[in-house]
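Residue numbering begins at 1 within each chain, and the chains themselves are lettered A, B and C in the order written.
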Amino acid sequence: MSTAVITAWSAVSPYGTGRAPLAAGLRGRVAPPESAGPEEWTAQPDATARLVPGFEVREALGKAGTRGMDRLTGLTAVTVRELLTHETAALPEGDLGTGVVLGTAAGSAQGFMEFTKASLEGDRPIDVMPSKVPNMAMNRAASASAIRHALKGPNTTVAAGRLSGLIALDQAVRLLAEGRAERVVAGSAEEYSAIRAHLTHAAHGDALVLGEGCVMVLLEPGDTATGRPLAEVLAVHHRVAPQGEFTEVLTAAVRTALAQAGVEAESVWAAVPGEAPGVAGAQERQVHEDLFGPQVRSRAASVALLGETAAATGAYQLAALLSEPGAPGRIALVTATDPDGPVGCAVLRLMTDGEST
Amino acid sequence: MSAAEAAAAPRRVVLTGCGALSSVGNGVAEFTAALRAGRVGTGPITVFDTTGFPSGRGHQVHGFDAAARLHRVRPEHTGRATQFAAAAARMALDDAGLDEAWLRERRGTVVVGTTDGEVGELDLLTESALTIGLGAFTGAALGGTATGSLALGVVRELALTNVESSTIATACAAGNYAIGAGFDAVRNGRAEWALVGGADALNRKTFAGFARLGLIAPDECRPFDADRVGLLTGEGAGLLLLETEESALARGAHIYAEVLGYGLNCDAAHPTAPEENSVARCIRLALENASVKPEEVDLISAHGTGTPTNDTTEIAAIRQVYGDEAPRTVGIKAMIGHTMGAASALGAIASALAIRHGFIPPTANHRSTDPECAVDVVPNESVPADVRIVQNNGLAFGGNNAVVLLGRHEDRGHEDRGHEDRGHEDRGHRSRGHESRAHQGHGNESPRGEYVR
Amino acid sequence: MTVNTPVDVSAVRAIIIDILELEDDELTNTSLFIEDHGADSLGAIEILSRIEKELGVVLPQDDLVKLIHLDAVLEVLATAERRQP
């Protein structure tokens, strides 16, 4: 059986729309600028974050079918559009169709709370905004992307905090291995909102700068891929450290993933941690120091450049690897930890020199 | 996954434990008795203030003592949906005759489907933010409102670590999505067991949305009825313990059913309305994946929300695949309400109970079958039946469809599941009972029909 | 009780134009929301909801299907109940 290969990717990031600005920013190790957060009912005027510059859903996607669409859905739909219209040739749609697997933390918490607020404050509790109703389903971003591009395969929304990107990749690989989709668009997304800022700052301190965005990759079975393989997904393995024993459990997860991939820790060319806030991130960095030398640890860009990107982090880590030049065939690895317990590791073989991407 | 794992032959996957929380009962025994009796769990919603809504009726879980059910998860620090998921997982474990140690000794997967996750916690946060301002945001709120907390609640409750954990938020098809993910993991050796299903808790946000769309029935949910006007929101959880056939047989477990296969697809057409051809395609994908012929299916546990268009579209899709000889098709939402992400998981449990106990749960609250829903809906009273294969539907906003096939476990090796000689006597009973019922005119084309799931 | 005061046609027009995102001259009394203006069913609910809120009336949900063009909306409104204060 063949493994899955990534044949294209794109993004909407604080560097701008599309793959190129993100790849250039990460390759150059330049942090994107901070800007003021959008005006919302709970916003603090002095809050700043690394936002997608000037991103307005309806300007980015046009007015058709976007009335009331939340920012998370907009970021995802634009990323999928960039991926399918600029990074790939026309895809033949077979019987199984193209699947979508999107990782999210909690949908749009801002959108949910605004809806509830309207119900609480309206003359009647049903005085909520009808155009926002489709956002109330947490699968809106994945399904709206499917609707806009007629992607009729499995359509999965997976929530696992900061592991979301890694688990989306895993689910996508499995759908291909099981023959449940011809190809899968997979990744993860996070929107900036005042609510998310309050939730995150209350949990991890006010100093944390939030980021946002979306990265999606196109996965195809290795033996039938129509695009040029950029990377092969060798293994994904995840576990839970329910008592906060991240070092021990993440080490086990990395060793298992490497064993499944059939590679030694010494042959890893680049290792990119998820940079979780707090003790999870500190223990994750320790695991990397224990397992990998300084060169390996600094070879690809750190996703810390983007700020705290929560559910989008895993997909940004893939982007960091796919953006970094090197000799074809190099082995790369990402790890992820979530302060609530999940930890995981993905091992890839990068198949191009990375320059052209 | 590794090459070594992939090289192993696919294994048969069986269901050996069920945990259910619903408006008609907590625990698989109560749930079974209620399905058999056709009990309807409708009542006033009290988990949030329904003052001012056109109706305050729904399907709430009662008698759920979280502190008694949960050993490790602390109810006071945990949202209602996560409590449900964790409690139902423990029930499923007990029902399977297993303990935590057994789970810990083996690699496992926990996948919980949900529509709303812990949106109920966000509702409470909204109320307190409107009252006390930003002080409402506490350090625990980020993790407590994260959707992934549902699966993590199961992991914490059972003190697991060598386990994959994810929450699938594919709205009202999420339970079947989760079952499918667990099926694949066990089938291909990535996990030795799976705790999968769905959980959701009643909350203002979703209730207000359905009420704004005019989708909430004023009295009862009446799937496939000529006079149906909408759904009733519900809550609950359904968790299923899956393991390999080999494991279940070796430990002498009682097997409810075998998971035969499933299908997933997306209409990619409309955010809220379903698409007949696409739903039919999903059914065909599931049948093909399960190697089941349409004529082998004895029962369909429908999505059956009781909204005008869901039911018409779903039955049209079923008839597209099955023709005039469609199996009996029941809507258990009449009894338990629309439990959102738990719906197809509870539907799967009901399907397994039908197989194990030899009865078909009825479509309750039924008066007269809509001619547009021309199938035997088994109105109001359960019937004894030899049920061998059940199709369980889950359809969601966003056009996300998921169909799971369960079959009676028949230990005949891998070549032949023994379908050929199955129940023709039962086929003759496939009553077209609705045909003899008088149909009232139903000329009032409701616009609500468009919103179906 | 029914509305005795004349329906505020310009307010209704403004709501519809806003929701369907039309130029003022695109909306005629009988141009169809769905067929001519590309509205979907959520648009009709949004029109009903906004009219209820801004004009202080209650429209039966069953009337949704009737809201196919401006004249039809005005007709439904003419028999609408005032909201309880």
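Here is the rule we go by: a residue touches a chain if its C-beta (ideal position, glycine included) is under 8 Å from a C-beta of that chain, and two chains touch if they have at least 3 such contacts.
Every value quoted in this text rests on a predicted model; they were computed, and no experiment measured them.
**Q** State which chain is most central when centres are taken as means of Cα atoms.
**A** Answer by centroid distance: B.
**Q** Averaging each chain's C-alpha atoms to get its centre, pick out the one most distant from subunit A.
**A** C
**Q** With centres defined as the mean C-alpha position, give me the subunit A-subunit B separation in Å.
**A** Taking the mean C-alpha position of each chain, the two centres sit 29 Å apart.
**Q** So how far apart, in whole Å, are subunit A and subunit C when each is placed at the average of its C-alpha atoms?
**A** Spacing between the chain centres: roughly 42 Å.
**Q** Give the residues of subunit A touching no fewer than two other chains, as numbers and ranges.
**A** In subunit A, residues 127, 130, 133-134 touch at least two other chains, as defined above.
**Q** Out of subunit C, which residues touch more than one other chain, so two or more?
**A** 42, 45, 49
**Q** When you check subunit B against every other chain, which residues touch at least two of them?
**A** Subunit B, residues with two or more chain partners: 212-213, 270-272.
**Q** Name, in rising order, each residue of subunit B that touches subunit A in their complex.
**A** 1-7, 50-54, 114-119, 122-123, 125-127, 129-130, 134, 137-143, 145-149, 151-152, 155-156, 159-171, 177, 181, 184-185, 188, 204-206, 208-209, 211-213, 264-272, 278, 285, 289, 396-400
**Q** Show me the residue ranges of subunit C that touch subunit A in the complex, using the header's touch definition.
**A** 19, 21, 38, 42-43, 45-46, 49, 52-53, 83
**Q** How about subunit C: which of its residues touch subunit B in the complex?
**A** Subunit C residues touching subunit B: 40-42, 44-45, 49, 61-62, 64-65.
**Q** For the complex, which residues does subunit A have touching subunit B?
**A** 1, 42, 44, 96-97, 99-100, 104-107, 109, 112-113, 115-121, 124-128, 130, 133-134, 136-140, 142-144, 146-147, 149-161, 163-164, 167, 170-171, 173-174, 177-178, 180, 198-204, 235-236, 238-242, 249, 252, 259-262, 338-342
**Q** So in the complex, the part of subunit B that touches subunit C is made up of which residues?
**A** 212-214, 270-273, 444-448, 450-451
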